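For clarity, chains are labelled A, B, C and D in written order, and residue numbers in each chain start from 1.
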Amino acid sequence: MSLISRIIAAVMILACTGGGVLAQTPALETLADTLGPPAPMPPSHVVIKDKTNDAGHGLIITWELSVDDGGGRDNVIMYDIARSNSPDGEFTSRGIVPKGVNEYEDADDQAPTPTSPNPDYMAAGSTWYYRITAISDKQVRSETSDTAMGVTEENLFHWGKLPILVAVVLFTAYILNFIRSARKGKKLYVRPLAGINAVDDAIGRATEMGKPILYILGLGTAGDIATIAGFTILARVARRTAEYQTRVLVPVQDPVVLAVAQETVRTAYLEAGRPEQYNPDNVFYVTALQFPYVAAVNGIMLRERPATNFYMGVFYAESLILAETGNIAGSIQISGTDQVAQLPFFVAATDYTLIGEELYAASAYLSQEPVQLGTLKAQDYLKAIIMIVIILGAIAITGKWTFIREMVTINL
Amino acid sequence: MTTGELILNGIAAFLTLCIFSFLYRDNPFYKFAERLVAGVATGYWTILLYHTNFTDKVIEPIFVYGQWYYIIPSLLGIMMWTRFSRKWSWISRYSIAFYIGISSGVSITVYLYTYLFKQLQATIATPITFDMAGLNMFLIVVAVLSALVYFFFSTPHKGVLGGISKVGIYVIMIGFGAGFGLTVMGRVALLVQRVIFLKDYFVVLFGG
Amino acid sequence: MKILDKIMLIDRRWIYLAIGLAVIIPAIWSFEVPVTVSPEVKRIYDFVDQLEQNDYIFVAVDYDPSSLAELNPMTEAIINQAFAKNLKVVIVTLAQFGPGMVEEITSRLAANHQKIRGVDYCFLGYRPYPAITILAMGVDFRVPFPADYYGTPLDSLPVMQGIKNFGDVKGVIDLTAGNTADFWLIYGNGRYGFPLAIGITGVMSADYYQYLQSGQLFGIIPGVKGAAEYEDLVGFPGRGMEQMAYQVIAHSVIILFIIMSNVAYFATRTKKDKMGGGAL
Amino acid sequence: MKREIPLLIVGITGFAMLIQYFIPTDWSEFIFTYSQDWVIVIGILALPLGIWSLIKANVLKLKVPDERFYSAVLLAGFLAMLVTGTKRESLEAGSTFMTIFTNVLIPIQATIFSLLAFFIASAAYRAFRARSVLATILLVTALIIMFRFIPLGPISTANLSAVSWILSVPNMAAKRAIMMGIGLGATATAIKIILGIERTYMGHD
């Protein structure tokens, strides 16, 4: 109830100040004439609190419903919330709420600028006065409630996001802990992943055939975590190709990805002890847009006939176009993406697919460094916690207890 | 259609056919369209970025609104150009560091919120009752749990865990099958649009 | 066995040709295909069908012209059905570019059925902020919409006499391309408890079947397929049916190829599968 | 200096952005928008790297007889857009720039997209063979879903109920589990990046 009414109230403000949803409500004039329809009793006990989890641009106004709302004459249809910046100043309407609602959120965070002055702006630490009026179905206004005062306050922590903070802290602690125990030499088991085991074979095959390897990083930016996972796998692949003296072609569609991919491949050649064999032109920019990029990569596949295609990163509709063309070219294909909608196509059309989390795990697998493997263990622990929450949560909700669900609910 | 429109539509129709010819095999027409579109797309993108983002985020803040602090990201952007020189290219790592640092920091909470908490909350939102709906809710919970087990990396998938993880990958495969089957409709609709475009053009051209 | 071997290794260009023909043929000779009606579509049809003359039905047309191809056929089929049954229709749109589209559809269909604006149906118009508009309509349609789309006060429209809020309509059908369905679920059905059904684009439909299970929706019309089903039920074939011809043939072709592929696979299974491919 | 300071920058900015999320003040909001602009500006100003890579490759190919024509086409297309797009107004409908956009870029993009109708069929033909349990599950589910278009009387009616169940139960569960896995994997990777454990992308000398 309170959440819903808050949302209503928030939207109402927008509606009344900006969009004007209700701006066309008929003029709500008071009918002072005692012979007219009766006026409802006013709402009472207006209480104003700071809106929590914000930068100090909002207040929450609550009141006790008019006795004629749901009882008495039962003629209230809505409440009008009026505001002023002084107790004796002019009160102007900030919005209305339907009957039965006893809460209104008044907020305005649009700080005035020279081009757009905003007299309604609620600065942090400012004081406001409110009065509520009930309005009857015949548009008769009640007397106003008593005036109440509130001060906006800047909050330093968003409590609604607490569960996320807990998860971050817990996760980081687990990661650090497992890295520490891995450094001490504790052996960590990881189950085999077919897609990972295929990587070396695929590179060997390319060497035997004397054909290049094509590595596609997808359409993500260098800031996408999936693309960064793609860079890590690229580093391993490039290092092997440097050892085997096989070419690796990396066509990209973003200039920052281009820079990072070049750097990754160059370093891999350096680590393999063959820096002189690194050719920066093998990592090249094709074009920025999705389908022109696909057209160009398709051309490369059919003309260069790469022995192996890797698809690691963020992919959209082009996933299947690329994978089918690669199949026409007779390449072995290994794919991995975090785009749930594209996974079916990679699974169907490529030889090995790293499904979602497996893509992120791949870098740890390929490195075989204890530090990296330690984070996999941390992921598993978190997964176990999630499973316990699901089991307990499902049981609790069946018994109508919502506390577990509320514990994992984020109130933005 | 005017003659001008007829010619322009003719170009579009010709390029459409060039791309379709790829289905038969790679050929000079496809290669022509492929290179043309790569050039045009890069040109389009450059101009678009210049008139929109570059003007809004570099030119106007610094030269119009006097927001001097926009000089910092601009300098970082210009530092990317050191990549043209082998000797100085390490300087571009500073820009990349900001780029990736900011993106990763933002990603953590975004992923936790949308991918983890929202899904978790949705899974435990509905009571399991003793009817069809309740049974389905129960099945969803069981299916989610077993699919999660499939993603365990640090335990061997043997015994009970192996069995559950097997159910998990079955569930995942059903999801993939459904995703594949559902998409066919949309893809066919895309092809229909192109075919109708060509048909309309040829009808006008040959006065059908 | 030789033929089956050939099928296993069929040149993919034959598949492309088949798909190409499946789309080109209906483009040249249009024809109608039979459709089987899904239970979730049938329930909406039955719901409207069992209403009495002069009962009220509320239709929300919450999509922009970009999704018109899939959703217009649904809107038309539902309004056709309602007019044919002499129901009173109240229409709203919560999509910014919706009004022009709604105005076009309603005036055209009203003319076909000899219905009069303001007497047999009412088009309220558009308001931004779906949540608040829905909540406010739950109090009284006149709160967000003192006048209809054409500026006539609701109180002076014969069709709006004696009807105040959702309590006076038999049910709400929301035609949507996306998240307005959530608003109708939470603020509409959730708060005012009226029967709610949605018509939704194909890609979005999978996400809403869960509300069918939980009983918050009494029906779903999913994508072009659903639109064609509804048109079939109502008996006014339109754009939905037209698009079905392509879809039915293309789907049949793909299914036939899958079956062929499996027959050939099992018949030649002793040999090594030379085609490769597939992560499985 | 060449690697350590950049890694430190990644750590500090990453941590700052993480903390920013939990602080609702105006200051924090400003940092968020401003830092997003950093990413955008770096991305825009890096574009010359891409263009240089493209131009260089194609100018070199002008010397190869078989490639000469195609590279010339690419360069001509690129230059045509640059020349016609110099003015701000060229982004409005009716300009030469937008005419090329509408009649070259749009039809080619739409046609490449529509190739998916063919490829979805050939992929189904090849992959949907019942050679293992997993392949069979994939095959059967996809067939059930595709069958919703095929009018077969009572069989179709039963099939449509199956479709609705598959979509709302196992399909929903699979999506959720995969997403939760991605959430964990991506978060772990991002934490590793900020902590400097994952640093391959940075390269070294």
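Keep this in mind: contacts are C-beta pairs under 8 Å (C-beta built on N, C-alpha and C of every residue); 3 or more make two chains touch, one makes a residue touch a chain.
The structure displayed is predicted, hence computed values, not measured ones.
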Original post:
Starting at chain A, what is the smallest number of hops through touching chains needed to reach chain B?
Top reply: 1
**OP:** Determine which two chains are connected by the greatest number of contacting C-beta pairs.
**Re:** B-D
Subject >> Approximate Å spacing (C-alpha centroids) for the pair chain B, chain C >> reply: 27
Original post:
How far is the middle of chain B from the middle of chain D, if each middle is the mean of its Cα atoms, in Å?
Top reply: 3
Subject >> Interchain centroid distance [CA atoms averaged], chain A/chain D, Å >> reply: 16
Original post:
Could you say which residues in chain C touch two or more other chains, in rising order?
Top reply: 12, 16, 19, 23, 206, 213, 225, 247, 250-251, 254, 277-278, 280
**OP:** For chain B, jot down the residues that touch at least 2 other chains.
**Re:** 19, 22-23, 31, 33, 35, 37-42, 44-45, 80, 83, 93, 96, 99-100, 102-104, 107-109, 111-112, 116, 120, 123, 126, 136-137, 144, 148, 151, 172-173, 175-180, 182-185, 188, 191
Original post:
Can you list the chain A residues in contact with two or more other chains?
Top reply: 161, 164, 167-168, 221-223, 225, 228, 255-256, 259-260, 263, 286-289, 291-292, 295, 327, 340, 343, 345, 347-349, 355-358, 361, 379, 383, 386
Original post:
Okay, in this complex, where on chain C does chain D touch?
Top reply: 10, 12, 15-16, 18-20, 23, 33-40, 205-206, 209-210, 212-213, 225, 244, 247-248, 250-255, 257-258, 260-262, 265-266, 273, 275, 277-278, 280
Original post:
For the complex, which residues does chain D have touching chain C?
Top reply: 117-118, 120-122, 124-132, 134-135, 138-139, 142-143, 146-153, 156-157, 160-161, 163-164, 167-169, 171-172
Original post:
Across the complex, what residues on chain A touch chain C?
Top reply: 4, 7-8, 11-12, 14-15, 19, 21-22, 24-26, 77-78, 98-99, 137, 194-195, 327-328, 335, 346-353
**OP:** State the interface residues of chain A toward chain D in the complex, per the touch definition above.
**Re:** 53-56, 109, 111, 124, 154-158, 161, 164-165, 167-168, 171-172, 175-176, 179, 221-223, 225-226, 228-229, 231-232, 235, 254-256, 258-260, 263-264, 266-267, 270, 281, 284-292, 294-295, 317, 320-321, 323-324, 327, 338, 340, 343, 345, 347-349, 355-361, 363, 371-372, 375, 378-379, 382-383, 386
Original post:
Which chain C residues qualify as touching chain A in the complex?
Top reply: 12, 127-129, 131-133, 135-136, 138-140, 142-144, 146-147, 186-187, 191, 276-280
